[in-house]
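First comes the structure, then the notes that go with it.
Just so it is clear, A, B, C and D label the chains in written order, and each chain counts residues from 1 on its own.
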Amino acid sequence: MLHYLIKRTLILLATLIVASLVVFVTIEVVPGDPASYMLGLNAQEDTVAALRAELGLDKSRVARYFSWVGGLVTGDFGTSYTYRTPVADMVADRMWVSLPLAIYALLLSTLIAFPAGVYAASRRGGTTDTVVMALTQLGVAIPNFWFAMLLVLLFAINLGWFSAGGFPGWDAGVFQALKSLTLPAIALALPQASILTRVMRSSLLDVLNEDYMRTARAKGLTRRQALWKHALRNAMVPVLTIIGLQFSFLLAGAIIIENVFYLPGLGRLIFQSIASRDLIVVESVVMLLVLAVVLVTFLVDLAYAWVDPRLRGAR
Amino acid sequence: MKLRSLLPGAVLVLLFFSAALVSYLWTPFDVTLIDIKSRFQSSSAVHWLGTDHYGRDMLSMLMVGARTSIAVAIVAVGIGMLVGVPLGLAAAANRGRFLDEFIMRGNDLVFAFPALLIAIMITAVYGAGALNAIIAIGIFNIPVFARLSRGAALSLWKRDFILAARAAGKGASRISVEHILPNIMNLLIVQGTIQFSLGILAEAGLSFVGLGAQPPIPSWGRMLADSQTLIMTEPQLALYPGLAILLTVLGLNLLGDGLRDWLDPRLRRER
Amino acid sequence: MKTINISRALVLALFVAGSAHAAKTDVTLGMQLEPPNLDPTGGAAAAIDEVVYANIFEGLTRFGPDGSVMPALAKTWTISEDGLTYTFELQEGVTFHDNSTFDADDVKFSIDRAMAEDSTNAQKQLFANIESVENVDGAAVIKLKTADGNLLFNLAWGDAVMVAPESVETLATAPIGTGPFIFKNWVQGSQIELEKNPAYWGEEIALEKATFKFISEPTAAFAAMMAGDLDAFPNYPAPENLAQLEADPRFAVVLGSTEGETILSTNNKQPPLDNVLVRQAIAHAIDRSAIIEGAMYGYGTPIGSHFAPHNPAYVDLTGNSAYDPEKSKALLKEAGMEDGFTTTLKLPPPAYARRGGEIIAAQLRAVGISVEISNLEWAQWLEQVFKGKDFGLTIVSHTEPMDIGIYAKPDYYFQYDNPTLQGLMVDYNAETDTAKRTEILQQAQKIISEDYVNGYLFQLAKTGVASSKLKGLWENSPTQANDLTGVYWED
Amino acid sequence: MSDSLLQLNGVSLSIYDTPILHDVSLQVSSGSVLGIIGESGSGKSMTAFSIMQLLPAGSELRGSIVFDGVQLDALDETQLCNIRGNDIGMVFQEPMTALNPVQTIGAQVAESIALHKSVSAKEALVQAAAVLERVGLPNKAFPLSRYPHELSGGQRQRVVIAIAVALEPKLLIADEPTTALDVTTQAEILNLLKKLVDESDMAMILITHDLAVVSEVADHLVIMRHGRILDSAPTRQIFNELKHPYTKALYTASSHSPERATQPDTQAPLLELTGLVCEYPVGQRPIFGKRKTFRAVDEVSLAIYAGESVGLVGESGCGKSTLARALLGLSPVKAGQISLRGETLSIDAGFSRAVRREMQVVFQDPYSSFNPRHRVGRLISEPLHVLDSQPSAAELKALIRSTLESVGLDEVDADKYIHEFSGGQRQRIAIARALIIRPALIILDEAVSALDVSVRAQILDLLAELANTHALAYLFISHDLSVVRRITDRVLVMKNGSIVERGDTEQVFASPQNSYTKNLLAAAPQLPATSAQVI
């Protein structure tokens, strides 16, 4: 196991190094100069040059890469060109929106998907199964930004139960903060819940066909007992995979939803930073997200071993 | 029994495909004609689905939009397949060796970047447009197909008929093409349908944030974006493209499910 | 059934209770763009001024709601005979938010800083004519290189506000000014909060607290207004919703003018656009009313030259470029382009450009000119269009006040090179007589209109939405600002 | 017999209107063993599931099942759950998959106990330990915390049995409990089952396809085919009389010896192995250094002469399949030499076409041996690939026809897909594929192990006939001693990668020298003699 951990960590580091190169090179070729963007139409050439020097943009790319990566390692993400604040602080602020939102949405999606998937699987072919499956088909097919628009229309504008968007900050109270994350979380969770329900169901159905389920029934377990005690944990591996993927998606892929609800999250930070050519922010946030994805994948792998003892020693 | 999802899926997909195809030859109105005076008309005998905020015929817009969505998604999935499947097959044929490791780590690397991020980065570098949307979605499909075909090929490589072919002296690439590929074709078709539907959603999402096809080419995502602010006064403008996306994706997913059941010999035997 | 009614009654009761407050003293404003930082002297973003101008920072002079220049931190001023020396008497008892006092040394510091070699002031040209600034017995004395009628106007810009040496390092994130509001908090990506400055030197303001919320999506802006999350959206981004908002008794729609001449900028050096006949053909192919109606839902005033209609020197020249597709085709034929041609249309993000671009593309297509639209972000637009001059057509709103002078710069991005006009503008800058200045301006308007330098579309309207009880917001937009000093709630 | 514990009367079963069982009647009394015998598809397993009332969706059961005076088919699910595991235990064929992989064996046995007895979780574990001890898994060596994947197949089957007998049920149903196991393990498990029946006056139903297996255990036999009971009598009587023609056919097929006229050419060996070593890596690759390797074939030397049939027997994991693959150039060879007709083959560069022409293979599983996307004609002509010049279309057609005919198939079969054939027919096609290139040697890797006895007999006949007509040499790899005995001239016994005994088949079987060989032979179940006339 230790062996496996070391090996995985090495791979993880290699991935991050390659990713940092890819990110840096890709973003550095983006046309557009942050300094001239900041100074606008009337800026004089010497002003732009002065700003470039102030931002450190006049240094060579290689030097900038190493100072950036060196900073990342020591936790110093640099200073945002446009906001003039430490990138680490900005990211931390945004993280406090994106992370809770992702967890909230994931929780919702899991809370919907588990019972729905289990229920549908246990009543395979029945009316409930058919209805649940039809709903998940709809859920998978609905574009989430469109769904978000409809949610705002109904719950914020017509019913006035929620605010239409924005984020008051955690200082405004946990309830207020969670309330403002509710509609976005629902918009994000619905398609994810549909996917997860389908995976849960089909994974369970696969497991239900396994020989050991017959053994469990032969012991005298009822169908439901056998399902809960023997099938569920065995069906978890594909479900965990999907949950891992969804978490990564929710952390950064929520850009569109963050826009619809004007939430100050990571996705929108990237969007804005690219528009304003705040390259150092883009680079750092992308790296952070890559790190998150890689870490989540790593954790999911560990979770496999927790779920399935066969994987513990083998790797 | 299994036709339950195949048939409606096929009908929906056929509907939108034919709408897209017909739009090449004929649309009720020219979608490049802007006539502000006749905007926001409701459904009538002339404009079946009314007109949009520029006075363009909604039905025509939807038809041409179908073409954009379908073309982007198909080409993107095609790229994913054409690159991903050979990579997956090569990885499986060299399982455990350096090439396999290299391809799979490359896959992980691509997977580590959230999809929309890559799209945004690409469009930031090369500008927004249908072609870049295709590339962005295509890049994302590569590891999907590489993983799928590697996984399926790996299990096939253990089968006796592959052993038999190897015993007959056939090389790895010949076996991959002759024996592996035809046997993972079903999987690829099913996954292709699913990726296709995801591609349509992705294209809609990209167009929605303005990174997809550029005007004057109509696209469903942009129609939705344009209608966003009008949702209270002219809800039908947001309704039709949304429904078009929903139904197309739904149709493709149903078709994919149906195909899987239909192509799966195990399930077929049950019937 | 009954329970539903009861709960509904409860909800209603809560609402009534909530609205039964005494007069509100806080206001929440919507803005489309978030300022990148809060230092108006170090960046060009309009959003900075929209938050801080007149609220946190003040200059020696300031713009009034009608665009006139008024005294601010300078109580009065005297101008020497030769027009080269300005002596500003400063307001007394003015302190910065960090309690340091404001005096003529701060004026010297602020202006010297903006003029300096390594200054990153986006409007450095405003100070180009200043020779020196001195503290003479508590008064600020500004000496000019040449006589210049524009100094008071220039000093009213947000880029010329007064800052203190003690706090200059942190201006970007924790602005310290002399204004009636103190910066309190910035939730990046979401909102900025300001608080009343109890030690303000000027007239006491009615508001205790002001919050700026940043909502870039027009839909979200609409939803936020409708849901009551915002009290006002001074530059409401979606004109298509205005009719509906106006119909709602909760809101008042405020229409005003801006300094934004929205034009179809044309690359005067790129064939075939270098041919005046072609540019004229384009001008006649454009149906302004359709654009104003289609892109701006009727909000906007047609212009025929690069000049704001509310300016006294304005001449209506729209007749030069009346919508006439037949004439347009004839002109193209005359220019040897009867088969039309293809050019690019590069559009920056604002809705006027994106929508207007689509409509113009369709109108040009009707006379045989096919345009390839590409939507750009601002950074790309600056790089490709503004700096790189790699474009055929673009749509942009020039929001600086009185900026007809750009036509005298041959290397400006649309590359119009006309010595006559250049000479005219030299005369204008040297001229101090108002009537003569007006005459020169009118002549310049005619020249560029008749040269069809650019396609002149419309003057951008300021479309503000506010709660019907909120009073005192600026109607017009002589500069990019949300001056909250006069804002109050009506009971 | 009114004192019978279980009585099935006229039980018929159909699933989604497909009839499965017809009018099945049988009875078992306490302390006795009923054997149910049948080939695949005979309905023997469904009979067991009918008793357990664990039937797939869409099942329709008629007739009566009385267990211990209770009408089982009239009970509701709760009552049935009280009986299952408690009064009736069941053991399944596939021990590798019959246990939940994510739970410890202790937990799985204890669950059974806790389910039916009101004991604390702790007490259940204590009792589970006792039960495991009883089935031959002493706690010292097999603590309760073991997971199934840490056990061998035989040990897992003991756990499954422990679950089934934990509550000392009145009836134990064992569905092919030893089919997936090696002979020696099979003997141990059969002994265990017998012991359990004897110890506790339990009744047992033993379901199997193997006449020899039941003959040693069962008191009474039922022969099933196509969902019907054809013959039912006490074991000795069945074997003595072989009354029903099908019983007789089964018996004959099980002991069938093909006629072989072997005249091996012992001049020079066709194929010769010297000191062959095969290793493959196990476990995970360490960060530095090399992976550990497992030596599957350890310095094996052997020779096969033209026209000779050589058997290679051994239990699973002994290295016999690795050896076969090495011979075909499919597995890397670490050391040693392979020579064909006296010429040493270059192993590293892969075998030449000329070599591949001489050796062909038939695998065990008739279902995974063929590419399901190709037609039979294309399937069997695949080895022609190694010919230097490809035959013309007409030649190919003729070749396919003659090859198909030589394995007892028809010309028209060339245009069919593989799923249209039964297991036996597929194995014929596999042989056709090996044969088409006219090799000198065919390696038969468990080629008849997956077939029903009657089909197996036919294939053995075919192999013998082909050997005669084409002067073929066989390397016959199998775990089934009785089959090897009947088709080979010489036999090699393999254990842990090495050949432990070799010699003429009859000699080895009659007087084995090595203790391992002796154990193997002793463990192999024997068909009892019959007094009936067997042709």
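The rule we apply is simple: a contact is a pair of C-beta atoms (placed from the backbone, for glycine too) under 8 Å apart; a residue touches a chain by one contact, two chains touch by 3 or more.
Keep in mind that this is a model prediction, so the values were computed, not measured.
Chains that count as touching both subunit A and subunit C, per the definition above, are B. Comparing the CA-atom centres of all chains against that of subunit B, the greatest distance is found for D.
If you tally contacting C-beta pairs for each pair of chains, A-C comes out on top. Centres computed as Cα averages put subunit A at a distance of 22 Å from subunit B.
The mean-CA centres of subunit B and subunit D are about 46 angstrom from one another, to the nearest whole unit.
In this assembly, the C-alpha centroid of subunit C lies 86 Å from the C-alpha centroid of subunit D. Not a single residue position of subunit D touches two or more of the other chains. Within subunit A, residues 31, 149, 153, 157, 259, 274 each touch two or more of the remaining chains. Shared interface positions of subunit B, i.e. residues touching 2 or more other chains, are given as 124, 228, 231-232. Pairs of chains meeting the touch criterion: A-B, A-C, A-D, B-C, B-D.
Put simply, subunit B touches subunit A in their complex at residues 105, 108-109, 111-117, 120-121, 124-125, 197, 201, 204-205, 208-209, 221, 224, 228, 231-232, 238, 242, 245-247, 249-250, 253-254. The touching residues of subunit D, counted against subunit B in their complex, run 325, 328-330, 350-351, 353, 356, 359-361, 363-365, 368-374, 382-383, 385-386, 419, 430, 433. Residue ranges of subunit A in contact with subunit B, taken from their complex: 11, 14-15, 18-19, 22, 26-27, 29-31, 137-138, 140-143, 145-146, 149, 153, 157, 248-249, 251-253, 255-256, 259, 267, 270-271, 274, 286, 289-290, 293-294, 297. Residue ranges of subunit A in contact with subunit C, taken from their complex: 31-34, 36-44, 46-47, 50-51, 53-54, 82-85, 90, 93-94, 97, 149, 152-153, 156-157, 160, 162-167, 169, 259-265, 268-269, 272, 274-278.
Here subunit B touches subunit C in the complex through residues 32-34, 36-37, 39, 53-54, 124, 127-129, 210, 214-216, 228-233, going by the rule given at the top.
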